[in-house]
Amino acid sequence: MDRGRLEAFSDGVFAVAITLLALNLFLAGPGHGPLLRQVADHWPSFVAYLISFFMIGVIWVNHHALVRNIAIVDRTLLFLNLALLLFVVLIPFATGTMAMYLTAGDLDAKVATAMYGAVFEAMGLSFAAIFAWTLHEGRTHQAVPAKARRSAWWRFTVGNLVYALAIVVAFVSAPVALGIIGLVAVYYVFERTPA
Amino acid sequence: MDRGRLEAFSDGVFAVAITLLALNLFLAGPGHGPLLRQVADHWPSFVAYLISFFMIGVIWVNHHALVRNIAIVDRTLLFLNLALLLFVVLIPFATGTMAMYLTAGDLDAKVATAMYGAVFEAMGLSFAAIFAWTLHEGRTHQAVPAKARRSAWWRFTVGNLVYALAIVVAFVSAPVALGIIGLVAVYYVFERTPA
Amino acid sequence: MDRGRLEAFSDGVFAVAITLLALNLFLAGPGHGPLLRQVADHWPSFVAYLISFFMIGVIWVNHHALVRNIAIVDRTLLFLNLALLLFVVLIPFATGTMAMYLTAGDLDAKVATAMYGAVFEAMGLSFAAIFAWTLHEGRTHQAVPAKARRSAWWRFTVGNLVYALAIVVAFVSAPVALGIIGLVAVYYVFERTPA
Amino acid sequence: MDRGRLEAFSDGVFAVAITLLALNLFLAGPGHGPLLRQVADHWPSFVAYLISFFMIGVIWVNHHALVRNIAIVDRTLLFLNLALLLFVVLIPFATGTMAMYLTAGDLDAKVATAMYGAVFEAMGLSFAAIFAWTLHEGRTHQAVPAKARRSAWWRFTVGNLVYALAIVVAFVSAPVALGIIGLVAVYYVFERTPA
């Protein structure tokens, strides 16, 4: 199987998932109070949209960088990639649930935010699994050098630990957990690794 | 017509259909009981999402393998492919209906699960029709060898019989029928045919 | 501008529009009567899905055949193509409205079916406009021969007259008008022009 | 990173966003008055659909023209492009909100139309930022000539000032502000810059 169709399908899923995020943005409409008040009351939806949009964007950017170097595509890779996409597609649902509950109830806000973090955790682990797959000799155009390998593992470990931290923190404070995930997005956007 | 645009269009439909699956995942929201209880009550939605996601993923993988070898694209192929996509696009609807009814009523749970199986059956038969089309001389880059031909027919027959079995079993027990379809997905994911 | 991105964007819109058709398929859910009764009551949704799916499929096939021969892409073509896509994107809405009203009220069923026909009429006229654009010298790789030109005009005229007929017939009988549009889809699927 | 996947992902997002516009077109259904009356009452939805469709179409056309000349893709460009797409994806939401409120209440109609203009303003500024990025030496296949550079800046400035004007005017008259944005769309469609 050639890499092109793997990329085309993945790009399609990323593009649809990132656009579906906006379906969580809706307002009750006329007769439910002033529009500005409704927007203000829905602030978690807009913050969640912003964070999830850049998280999916970051995954797309990193996915490209990872896949570009792949020389052979086998069924294992196809299904590891499907596992990654399984969690990418869950992001709009997890985002909407979190936004809906963030200001709702005490325990439910925590559960919803932990679920949101859990989707990113699962996504991060799938991504690490694809990276691990690429390390076998002959699967990439250029063998990943030992140094790049170590720094990549380091990044995956840190990323997945931060998501795990966000899940734990969610049970103390949902907004702080959301802030942690938001900071990960900001960190990735401003990180200066060459693309 | 070149194969590229057939693949691009099909990949687009697969990508949108697989992402729309997540639209069936929604919760009633604050004021309808604890979030964890809602998630637990909606368990069929999550199981159905998982099964349907990997089923569409498997169809995409197999579609690629089948189409890659095609040398000419005629109108017959285009419309056989549209028939396949017709049923792929029905998967999110059938998944949502099945998930909604699985725990609802006795007969309706059976009917909904049989409908879910019927969409896979129709999809499997369309896929077999495309395969049959490829067997005419000159339609593929390399003629399909007799052995591969026999093993492919064998696989299509088994697959379509299993879906038929699931439809029949649905009228005895909806969860068992769902389990059979789930096992097909697991089987395909772990099958080790070279991609 | 190269043709590739025009095709990629158009294919994306076709793929999303054809998949969104299935969003019109929904059932009221448990507590609204037996599932099979609900499916039977919703029969216009399923018939409309089938017709619209193949109509969009046919447009996609013909769009490809038309665009493949284009040598230069100018802004006029881009916006004629956007006009075509404007009506393609309206098909799911027109399909859903028609299906919702077909069995509802007398006049409204007629209006909804006429609207459905009007979207295809507008789509057909946009398609003819793109074809007219391709006839200027130097815009296609190979000049369209006079005979092909005449037969294409003939087909466009017949197609657009049939849609106009369906709109008029809708005010006499909505199901007959729907049948006419369905026959157009069947005709195109079984037509044997070389792709 | 190669330009192809940036284009493919962007085209996917444009295609999904433009198609999701039609989800804002829905009618209350049978039992809510004559169909034609409902369509007439929903006129802002149809006007808004038309304007937003051509605005996204224009952005897509201009995006293509801008990206085609890019020689290198770095992380800065990827995230500027994500920022542009962030606002493109907001267009269906802003369109739906504006259409819902245009005929609803006095202040809310103004706020909703100003929000609609603000999304285009933010989109226009993101677009200008991508253009500014391309001006650095070596980032494009051909350096942008001084004259083209001045005329492009002029166009971005005018476009963004017109959007700003529409936002201000919205607080005086929502329909006039909508008309201004509509005129921008018409202007771009009929503009005769070589593609």
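A, B, C and D label the chains in the order they appear, each numbered from 1.
Note that a contact is a pair of C-beta atoms (placed from the backbone, for glycine too) under 8 Å apart; a residue touches a chain by one contact, two chains touch by 3 or more.
Fair warning: this is a prediction, and the values are worked out from it, not measured in the lab.
Counting the residue numbers used at the interface between chain A and chain B, under half appear in both copies, so the two copies meet with largely different residues. Taking the CA centroid of chain C as reference, the farthest chain centroid is that of A. Between the two copies, chain B and chain C, the Cα superposition rotates by 90°, quoted to the nearest 5.
Rounded to whole angstrom, the centroid-to-centroid distance between chain A and chain B, based on C-alpha atoms, equals 26 Å.
In terms of their C-alpha centroids, the spacing between chain B and chain D amounts to 37 Å. Of all residues in chain D, those that touch two or more other chains are 8, 12, 15-16, 20, 23.
Across the interface of their complex, chain A is touched by residues 1-2, 5, 8-9, 12-13, 15-17, 20, 23, 73-75, 78-79, 82, 85-86, 89-90, 92-93, 96-97, 100-101, 104-105, 107-108, 111-112, 115 of chain D.
Every residue of chain D that touches chain C in the complex is listed here, in rising order: 7-8, 11-12, 14-16, 18-23, 25-27, 29-30, 34-36, 39, 50, 53-54, 57, 60-61, 64-65, 68, 189, 191-195.
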